[in-house]
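Across the two complexes that follow, chain A remains constant while its partner is chain B and subsequently chain C.
Right after this comes the complex of A and B.
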């Protein structure tokens, strides 16, 4: 098996070389084929690890200097590898039919396989240096892919700058946190850190955990470090945004769970309350912005922040249960978190790919310029509908099962003596309920405005269905949404094994297997398969009854036409107007700005010639946190310019002072 | 005179020369001081070479004696950037303050690098702080003196300090390395002298802080 792991790495590198060196005619097919082969290898290794339960490892002393190159794929890591590989396969198939966004350039062709390969290998690193090597490579390659289209659109370099700064900030925090642990463990292998972490001093453990939560939280898009996410995801090309949103952000969760549960074996109550607070804030903030955004990909990106917030909420709840000694509930919450990671990857991959199809077909991602696409792009529209329903966590689709499990674990945690748990759990339940409602609202807006109704622009009216590779790549993920929603037991054992693997104990199995999902010992069982069957039966019955009762001819007329035959797109709701009530309710958070511009005819100012309205909401954290920080940094930079004044003596003095300081510090 | 006291005397002479550069203001006497320092440094190498019966070290010592004791000072005083009669009339830090700073630098050097001496373990090794102190004072000359000749002298003192540390803390610097280092410093001094002359032609005066105008 370790041979296959190495083969995966070699294939990924071969894809990278093929993208860089092969002639333009075969560049894309060759590099994509090699990368697909790498994904297949990773899938095989990951599934084998999950089924057999035995970790696969590979060690080499020469590939990385000083530390060696150490891989060890256990069940927990294998789950993330399988998710990344699955998303990558669909995104790469999709990429074969996708053009534009500078993805066919030599650089992008070479970097895309490298990015996919790092996604597959970050979860299999087993020491600090190897992990950071892949992590940094992942950050760099994804940055290059975000920047692929920088020549044509001015927003791209800005998005790239935000992403570069935030990802490097996060990487620095992770670096310091992990190095702190490695120094105090005396070894940089994860196994050694896990073995000695319980004997470390409390401040070391806490400092490392906080740093790691900051670093990995920024990758997972957690508030307030999420600012890069809506920009980078919406400005990057379709396959890349799907890979980033469905596979890369998961690795932030991977890091937090791996370090918090796997290496540090849990910690004090405040750690997990902090994680829960970040998760709750991210979920609410993401859901709210997603519900009011009119940019299709930005909406999906904020929804990623929302979903990762829910996962963090579950991770925090799991840690809190573990600290208070309720290990069965801790396992359920962690399973809910990991299941949501898997399901989120499936439906968000599906949504980003189909949204990119829509963007390619219409040339825009502004919801207010779309409309009527379900009729013009039936396959892509249906795929988007399925993904959207899963995002809204509606039954018989996959998002529902994981959110249901999370809700159950938090509800059953309510009767608690510990005040922290007793306060945190009801708040968590409330957050979950509110984000669920907002996600449904978001779905209604995106599907109703974008897919239904009349086309609002000429481009939307002329939209045609995209090619088979693109519909195929996103369609597979949509099929998975349905399949996993009806039969979650296909992945549930693997997720439970992964959760047990990282928690390091083998408690009583709390989940009922078979067609049902539930908690052992308490009431509350979900059988999605039966639910689906009942739903199908009910819909079928209604259809039959209708057919039987109303056999007469059907008159076709425009809905809500008030008897008129004429109806134009300007009479329709827009995304802005649909979200307006919500914007008004949450005015303090969203801070919407309205700009009404009226020009009058020259003869009389009582007659209006044209009126335009601009409304926009901006990110509160960007305005209140990042803008002052940027201003302060700029002031500091301007002030610091007077320090190097051109005097040779002053520069030499810097050298002397530094030398003396180093001497004093070293002594 | 025993080996260790002779060594201490020569190394001490290197440091005294360094301090005297801070005290002197006329270009001519400063060049003389750095020449004496070069001779003292060569003597240290010579004593070590004779003691260890190492012909390579003796050869290195003779290179140092010729180059730093005679050739470079002669070059400096002959051309001196056309500045051999000048005085450092207004240093950035005046002479008494410079001497106090030198005392502080010597203390820093001794406090921080005593460990190196203990680590080396020989009687020569215990003199390593002298070399570090010489280097720091040379650096201080670079920072506080305006005239280009003083800059060259400061650079020479930094190099002398490093060479002293190298001689004292190792079991003999290989001849080839000493030759390379000496050649480096020789070329560095030549370049600085050319630069100094060009500066004088371009700017008329030779205060380095006039270069500030070149910024931006």
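Right after this comes the complex of A and C.
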């Protein structure tokens, strides 16, 4: 098996080389084929680890200097490898039909296989250096891919700058946190850190955990470090945005759980309350912004923040249960978290790919310029509908099962003597409920405005269905949405194994009873199969009754517009107007700005020539947190410029002062 | 004494209660409506005299709602179209669209002399014609304007109440 792991790495590198070196005609097919082979290898290794339960390792002293190159893929890591590989396979197939947005350049062709490979190997790293090596490589390659289209659109470099700064900030926090642990453990392998972490001083453990939550949280898009995510995910090309939103953000969750539960074996109550608070804030903030956004991919990106928030909520709840000694519930909450990671990857990959198909077919992501696409792009539209229903966590689709499990674990955690649990759980349930409602609202907006009605622009009216590679890549994920929603027992044992693996115990296996999902000692049972059968039967009955009962003659008439002579698609409901009530209710958070611009005719101010209205909602954190920080940095930079003024004497004085300081510190 | 005057003045008008003879098509429609008639009103160019009388049949004096006759905001919810005035050029299109928006079976009521035959406005430059020239009319209520009693009586026939 370790041979296959190495083969995966080699195939990924070969794809990278093929992308860089082969001639333009075969560049894309060759590099994508090699990367697909790498994904297949990773999928095989991951599934084998999950099925057999035995970790796969590979060690080499020469690949990386000083520390060596150490891989160890256990069940927990294997789950993330399988998810990443699955998403990558669909995104790469999609890539074969996708055209433009700078992905065909030599650089992008070389970097895409590297990015996919790092996604596959971050969860396999078993020491700090190897982990950080892959982590940094992942950040760099994804940054290059975000920037692939920088020549054509002015927003891309801005998105790239935000992403670069935030990802390096996060990486620095992770670096310091892991180095702190490695120093106190005396070894940098994860196994050694896990063995000695319980004997470390509390402040070391806490400092490392907080740093790691900051670092990995920024990758997972947790508020307030999420600002890069809506920009980078919406400006990058289709397959890359799917890979980032469905596979890369998961690794942030991987890091937090790996360090918090795997390396540090849990911690005090406030750690997990912090994680829950971050999760709740991210979920609400992401859901609100996704409900009021009119940019299709930005909407999906904010929804990623929302879903990762829910996962963090579940991770925090799991930690809290573990601290208060309720290990069965801790397992259920962690399983809910990991299951949601898997399901989110499936439906968000599907959504990002189909949204990119829509973007390619119409040339825009603005919902207010779309409309009527379900009739013009039936396959892509249906795929988007299925993914959106799963995002809204409706039953018989995959998002429902994980949210149901999370809700069950939090509800059953309620009778608690611990005040922290007794306060946190009801708040968590409320957040989950509100987020669920907002997600349904978001789905109605995206599908209703974008897919139904009349096309609002010429571009939307001319849209044609995209090619088979693109519909195939996104269609497989849509089919998985349905399959996993009806039959969650296909993945549930693997997820339970992974959760048990990282918690380091052989807990009970309470969640699967045949084809039902149930909790041990609790009456809550979910049978998605029966639910789906009942639903199909009900829909079938209604259809049969309708066919049997003679319908009257049907006359198709124009939509009622108060008898207005000229009715155009511009009079349709728009995404902005649909979200307007919500924007008003949450005015304090969303801070919408309205800008009315009226120009009068030259002869008289009583006659209006044109009136334009601009409405936008800002990211509150960007305005209140990042804008002041940027201003302060700029002021500091300007002030610091006066220090090196060109005088040799001053520079010599700096040197002397520094030398004296060093001597004092060393002595 | 004063209280009794007040009560008598606000009592509903007795003359409005008697229904009149009606043609067979209207009797069929009345059987369909079974005492519930939802109307969409279109002013196709009226002088607003008929509108005043329509308003008065829903006043406490005539109170047409007790016979199940109601004005609707949308033609989608209406059984019948109540048209007043001669059809002006600008209102001919909206009238056709409103008629088109009514679900079948539907009834068109031309209320007032202008709606029936353009009345005082016959031959005017802005007038396209009577209501019957634009949409098929099923029931006519004569008068300039028709008395509220006459309107209520005709609509009761149509409502079957």
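In the analysis below, the second predicted complex is superposed on the first by the 648 of 667 C-alpha atoms of A that agree within 3 Å, B and C clash if a C-alpha of one lies under 4 Å from a C-alpha of the other, contacts with A are read in each partner's own complex, and residues count from 1 in each chain.
By our rule, a residue touches a chain if its C-beta (ideal position, glycine included) is under 8 Å from a C-beta of that chain, and two chains touch if they have at least 3 such contacts.
Predicted model, so just to flag it, every value in this text is computed and none were measured.
Q: For A:612 in the superposed arrangement: first (chain B), second (chain C), both or neither?
A: neither
Q: Pick one for A:664: touches chain B only (first), chain C only (second), both, or neither.
A: A:664 sits against chain B, while chain C stays out of touch.
Q: More residues of chain A are touched by which partner: chain B or chain C?
A: B
Q: So, A:638: does it touch chain B (first), chain C (second), both, or neither?
A: Neither partner.
Q: Identify the partner contact of A:555: answer first if only chain B is touched, second if only chain C is, both if each is, neither if none is.
A: second
Q: For A:655 in the superposed arrangement: first (chain B), second (chain C), both or neither?
A: First partner only.
Q: Which residues of chain C touch chain A in their complex?
A: 42, 74-76, 93-95, 97-98, 100-101, 104
Q: Please give the residue numbers of chain B that touch chain A in the complex, ascending.
A: Chain B reaches chain A through residues 92, 105, 108-109, 111-113, 115, 132, 136, 139-140, 142-144, 146, 208-209, 211-216.
Q: For a test of understanding, state which residues of chain A touch chain C in their complex under the given definition.
A: 553, 555, 557-558, 560-565
Q: So in the complex, which bits of chain A are touching chain B?
A: 645-649, 652-653, 655-656, 659-660, 663-664, 666-667
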